[in-house]
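Have a look at this one before I ask anything.
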Amino acid sequence: MIILRPKVRFKVPIEAECISPDVFSDKSMDEIRKLEILYGNKRKPLGELFEIEEGQGDGETIKMEGDMSRVKHVGAQMSKGRIEIEGDIGMHLGREMSGGEILVRGNAGDWLGAEMKGGLITVHGRVGNLAGAGYRGSKVGMKGGTIIVNGDAGREVGELMRRGVIAVTGSLGEFTGALMTGGTIVCFGKLGGRAGAGMERGTILSFDRPSFLPTFKRSCVYRPTFVPLLLNSLRKYGLPIKREYLEGSYERYDGDIASLGRGEILVWVGS
Amino acid sequence: MQVNGVEIEDTFAEAFDMIAAKLLITARDEKWALHAASTATGFATSVIACGVEAGIESLVEPDRTPDGRPGVNILIFGMSEKGLSDQLMRRVGQCIMTCPTTACFNNLDGEKTVKIGGKLRFFGDGFQLSKRVDGRRFWRIPVMEGEFLVEEEFRMRKAIGGGNFLILGENVDCVLRAAERAVEAIRGVENVITPFPGGVVRSGSKVGSKYKFLSASTNTEYCPTLRPLVKTRIPEGVNSVLEIVINGLDEKSVSDAMRVGIESACSVEGIKMISAGNYGGKLGKYLFHLHKILGEKR
Amino acid sequence: MRLLLNTGRTVDQGVSMERGKTSSEYFEKVAVAFIHPDDMKELGIDEGDAVRIETDFGSTVLKCVKGGTEKGTIFVPMGPWANVLTGPNTEGSGMPSLKGLTAEISGTKEKVTTLDDILRMLGG
Amino acid sequence: MGEVYKNVVCPFCGCLCDDLEVVVENGKVVSTKNACPISKTKFLDHSKDRAKPQVRKDGKLIEVSMEEAINKAAQILKESEFPLIYGLSSTESDAQRLAVELAEFIGGSIDSTASTCHGPTIVAAQGCGAVKCTLGEVKNRADLVIFWGCNPAEAHIRHSVRYSVTPQGMYVRGKKERFIVHVDVRETRTSRMADMFVKVEPGKDYELLSALRAVIKGYEVGDVAGVPAEMIKQLAERMKGCRFGIIFFGMGLTMSSGKHMNIDAALRLVRDLNDHTKFTITPMRGHFNVAGAGEVLTWITGYPFAVNFSRGYPNYNPGEFSAVDLLFRGECDAALILASDPVAHFPIGASQHLAKIPTVVIDPKVSLTSLIAEVVIPCAIAGIESEGTAYRMDGVPLRLRKVVDSPYPTDREILEGILRRMKGC
Amino acid sequence: MLIKNGLVYDPLNGIEGEKMDIFVKDGKIVESGDGGETIDASGFVVLPGGVDIHSHVVGSKVNLGRLMRPEDHRKDPVPKTEITRSGVGYTVPTTYITGYRYALMGYTTVMEAAVPPLGARHAHEELNDIPMVDKGAFILMGSNHFVMKYVAEGDLEKLKNFVGWLLKATKGYAIKLVNPGGVENWKWGRNVNSLDDKVENYGVTPREIVRSLAKVNEELGLPHSIHVHCNNLGSPGNSSTLIETVGSIGAEMGGPGSGESTNETLKGTAERIHITHIQFNSYGGEDWATISSAAEEVAKTLNKKKNATCDLGQVIFDDATTMTADGPWQHKLYKLTGNKWYNSDVEMEVGAGIVPYTFKPKSLVNAVQWMIGLEVALLVEDPWRVVLTTDHPNGGPFYHYPKVIAWLMSKKAREETLGKIHKSALSRSTLPSIEREYSLYEMAIVTRAGPAKLLGLKNKGHLGVGADADIAIYEFKENDIEGSFSRAKYVIKDGEVVVKDGRIVKEHWGRTFLVNPKGELMDEMKEEFSKYYTVSLDNYPVQPEYLPRCEVVPCR
């Protein structure tokens, strides 16, 4: 295990996609210290800004400790291994990752897991806007993998999502799952307004009754077998899944009929 | 060799390669899961005329199914990948999708795959939804009752058909009782089924017939009514014979099933002998020697 | 009293901006809040009276102008006074929250906030 | 009688009216013809309230030589580790090109005022495209004109006369052959020109746009956003039934709740309508060359605003590299403000950071930002005192004119000066 | 400067692989030289700089293409260096990167193929930001109000006056037609479907527009022919429209001929027509399921009609951004793909549409399209009348030209790709059975000498004395044709080394080519102009400030 701690309080943003098990795994401590990162617009060796030491544990785990709210792109495009973060972390964490695991005990910035393809991100804290979303101009956002947020999340979470699962225990901002074409977003807390705006396909599952866009049409109350299947598979992440959720009925809203209209918002109505 | 005083003939059951799929059917309660399961495994005693051989393998408690509802495992055996695939489509489509509240999951690891949900989805007429959970892909097909959840792909793997033993006894009553006990005991073994009605077959067959157009005919050697007329294998004092046919996913399951089946059968009074159907080693590559199977445990 | 705050352009704001942003005309045309007559009545204020407006982001005193907006909403021309009330968080969009803010309005005897006051808030 | 300049392009708003007559006597504009009140003031008062070269010393702005001010600006940018260049919209495209070059050279972020006006429009168009046309198409063909969340009567004063409501076009002869709709949260002077006013609940435009899309697809909706179902249906029928329709929209859509998603809905609505008839949409761009800033940035960097050069190549991300965000998060450590006045228009929570860091302002006039700046560099007024290209709201490029001499160098010359100094040292 | 011992291919001067020295002085190729830099080109192939006759590199439509595709740019960021500026590449490169990448593969002249007159100023602004190459702009006229009006009136004199004036006002180089008449109809949401469909309100037909402009083009003596994007582009079965269009111009010349006879034809005053991105108009079949190649028929027509020339619009299996003035086609493409769609109509003149697209080898339609481009190139006998293009970025980005060169020069390279495409496509084109392989000499014709000649650029495309010293030097490896032409060993532009070993070593600023034909605006035109345009006539023509470096190419 490699442990990183910031040496100073960062005044400008850091771009550090080299902090990734894929990059670290075949490198010596010395080589890791020499990896280049961007401090504002200056290229600097990682070792100049972070204290880096080797800790107990397997070679594919990276641990970061401290205030890294300005450190961006950590774990970008990673495909294996594990990153554990104790403290706040900046934007683009785990962007386009395809495998491996990221665990944050703290808050994470915007574009968490944006356009990710696989792997798992768990955050115990607040998550910014556009988690699991697509970057501007992209046709598709998250294509696979799982994002678990034990806390609140911002706006446009899961925008343009095609596959994968995002589960949030706290509240979600406006436009959750906007323009999504597939995948599943589960909201255990409060679902913000305009959820599913423009969605073509996909599922938003809510245990709180949200306000609906006029372009979502109530279809029925039923028991979609898919829901207990999904919730069972999410149990391993320690989410607050109650027995009543598994056995209960759900009210289904079809939409967004302004768009293709094959998406759904499922709202739990009790058992 | 004897078990509980019953003679075990020193012979072997001859079994052959098949290919199998294991489906887990869930429903809101066991009743409806069983309706689907028994329909899906109906008319599936012998590949010769039914296309596949199938049966209910086990009941599954809700806490052990993916959707937390009561479930039933069924096994379906075919002779070829294509034949099995074809039958799976028909049976999932006609017997499970049609049955209220059911869902259908693959419950087997195997090297071959067959698209089931992936094809049935077209029944959804464009309104079907695809979902991935833990790397598995499912289809949600809208139906009048709600929606039918079915897995995109099912796995198939090499399996064994034709494991068997014969129960020979004084009369039909005790032989049938022994067969029932045997079937009951086999139900406790994983990954096997007994595809015949109630798990028992009375019309055992032999290869060939006097009629050119028939490839199999009644097992004359074991028909008590024909004893004087043919070369018989029925000892004196035996007036009825029943067979238990066992299909399983692997050799161990089949031999385990045979063992517990034989042992249970032997506990019934009036049973004289246990034998097995073999074809001289020409039909299948799996030979389950009764003595070996029963000896293993001791 | 809780009202919905919008900001935006007006001709007067445009013209006076071209006169000069330190000009008295700019102050006259921009340090104002357009309030619906019914709301004014409820607030107990007349045209030209000072009102204090407070949002989640800040608080300022403006001169009341009658009308030019719907009941339940107030309108403040874009400019430094509006800026005290608007929200800098763009929520990942680049666009701050400049319209549709919830504001608390009350009549006040205080003087209208001056440009110098605002510059002081800026720390300049 | 002074010198008369005809067909001058107005450097105020995105209309770029190019029929102004400007009379100049003794190096001063004395009168204008065809100009709107704002334009007229801009021309007539061009010499008033001018900025002076200043550098802050001991907390006070002290007048210095141009040379010193430019040197100081270069020094600030050179020392910065994460600088921001912001503004660009009130100058011509050559200056904008140099601003991009400077941003690239210093590895900074560059953003135009678009991020706080039609940035959301761009973001939405990047998602789904847009069906646009030049203003002459509207004049010649549009029999249905919808103003949505904009108030041209106050912000684009001659728009309705030159392009959209009253002009005699090739196939549509004047207002009587056009149906004008105004959709807004309040009645304004623009509503008075309209044949139909649709009052939408504040912050509910997204709902109304979506509902229109659904109705056009054949679904029924109830009352939405305070608009009766019957009216929504009527409007949808008009949209489908016109020969050539256009939506002009403004900050009532881009700034209100929903932001770029409002525009997304509007763009898709128009796209859908092209299955039935010809329908187009055009944003009402505010500053006279904010469109040009987007064009220039795009052809040099690939991206229209919110671009960062830290990596030595352009990176784009509104919400990350847009000015308000960089300031609100307190990330940039120096700023160059060109041809705009963020302190006059940004939420104070963003401007506060500008006051904290060394800020260089290039502006012809005393701007509010110049009052909190470290360095103030006065410049010629583009379009009055210097020429160059500006892009109209519909993308049509026009050449701005110089009608009087300036006591100050042009934006172009100042930026060249800064670049020269930076490359030199 | 002396380039010595190179193997020179200079088709316009009949030089085919001779080892010879080339002298350069003051940006020109000269008879002999004294001193200066010497480049040892032994073992290298020396060619004139490449000339792109049709590419979309600047202007409002290209920039909209850039604007709408941040997701595309992110795949190909290009950092700045000591010498070069930064930018992005991929399907719609930024201006600087466009210039660098053309230079890196040895191209030194590029024509922007579609400029709306009202946007000409914009196009020139961007052209001024494209380093390394010389350039020019084709002006869109096929749906111009005045053009259609005078065609309708049958008044070729007025038409000539207008066209001449418009070329001068826009500082353009040639007359471009895109879906003539169809773009005007698109302004009402419709199209034309044949050469004889009527344009609404004008009553003219595409056939009349093409013929009139072809006539006017020759009477003005413009260096290039009319440059035509035919009607019905992109639709199955559209080859008949193409063949009819070609047939409507000039007289039949009969019989296949050599390069020489082509020279004869092109020198005369016979009406000429250049069909651009011919691939997109050479489809057989009736719909997307039955689409097939009509290249054989198309080539037969071209082999007969000496006054017709073409460029390929070759498809590359990669991402592309389709952009064209053909608004109705782009709407169709958006409906087919569901991809994002930009449309931009320009008052009185033209429109444009942009849709991102990906050409996939496993798509039947794409596979057929890919085959057609090469098929035409290999079936048209006279290489002087074929030019290599991808209609950048429609068929694919221009920097894939070396791939196309490889396919043309090597059957093996073609077979490799044939092995990867949709199997059903193979029987829908004759490509698999074509044995022909281009020689280096022919390659030099279709990438340099030919286009220069078709454009009437007398100092381009050859290495004779007096030519512009635009020279590309390659290390040619038979087993890696694509690699050989992707990165030139040296590129000399106007006598200066700008590329060395596949890297830009100097930023150079080329010039813009213009024409100066006769033609003045008449009073009635002025009146009409002020009625229907939204800009003043005074502000319409492109001011001289936008052409800091230009060269007027004389009319014939």
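The chains carry the letters A, B, C, D and E, assigned in the order they are written, with residues numbered from 1 in each.
Everything below uses one rule, namely that a residue touches a chain if its C-beta (ideal position, glycine included) is under 8 Å from a C-beta of that chain, and two chains touch if they have at least 3 such contacts.
These numbers were taken from a predicted model, which means no experiment stands behind them.
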item	value
Contacts common to subunit A and subunit E (chain labels)	D
Chains touching both subunit C and subunit D	A
D-E or A-B - the one linked by more C-beta pairs in contact	D-E
Most centrally placed chain - per-chain CA mean versus overall CA mean	A
CA centroid of subunit A to CA centroid of subunit D, Å	35
Chain centre separation in whole Å, for subunit C relative to subunit A (CA means)	39
Inter-centroid spacing, subunit C versus subunit B (mean Cα positions, whole Å)	80
Where subunit B touches two or more other chains at once, by residue number	none
Multi-partner residues of subunit C (at least 2 other chains)	91-93
Shared interface positions of subunit A, touching two or more other chains	110-111, 129-130, 135-137
Chains grouped in pairs wherever the two touch, ordered by label	A-B, A-C, A-D, A-E, C-D, D-E
Subunit C residues within the subunit D interface of the complex	4, 6-11, 14-15, 17-23, 57-58, 68-70, 73, 75, 78-80, 83-84, 86-100, 115, 118-119, 121-124
Interfacial residue positions of subunit A with respect to subunit C in the complex	110-111, 128-130, 154-156, 173
Interface residues, subunit B side, partner subunit A - complex	26, 28, 66-69, 101, 103, 127, 129-134, 138, 140, 146-149
For the subunit E and subunit D complex, residues of the former touching the latter	58, 60, 62-64, 66-71, 73-74, 77-80, 85-88, 92, 94-96, 118-119, 121-122, 125-126, 129, 187-189, 201, 331, 334, 340-348, 351, 354-355, 531-536, 538-539, 543, 545
In the complex with subunit A, residue positions of subunit E that touch it	68-72, 74, 339-340
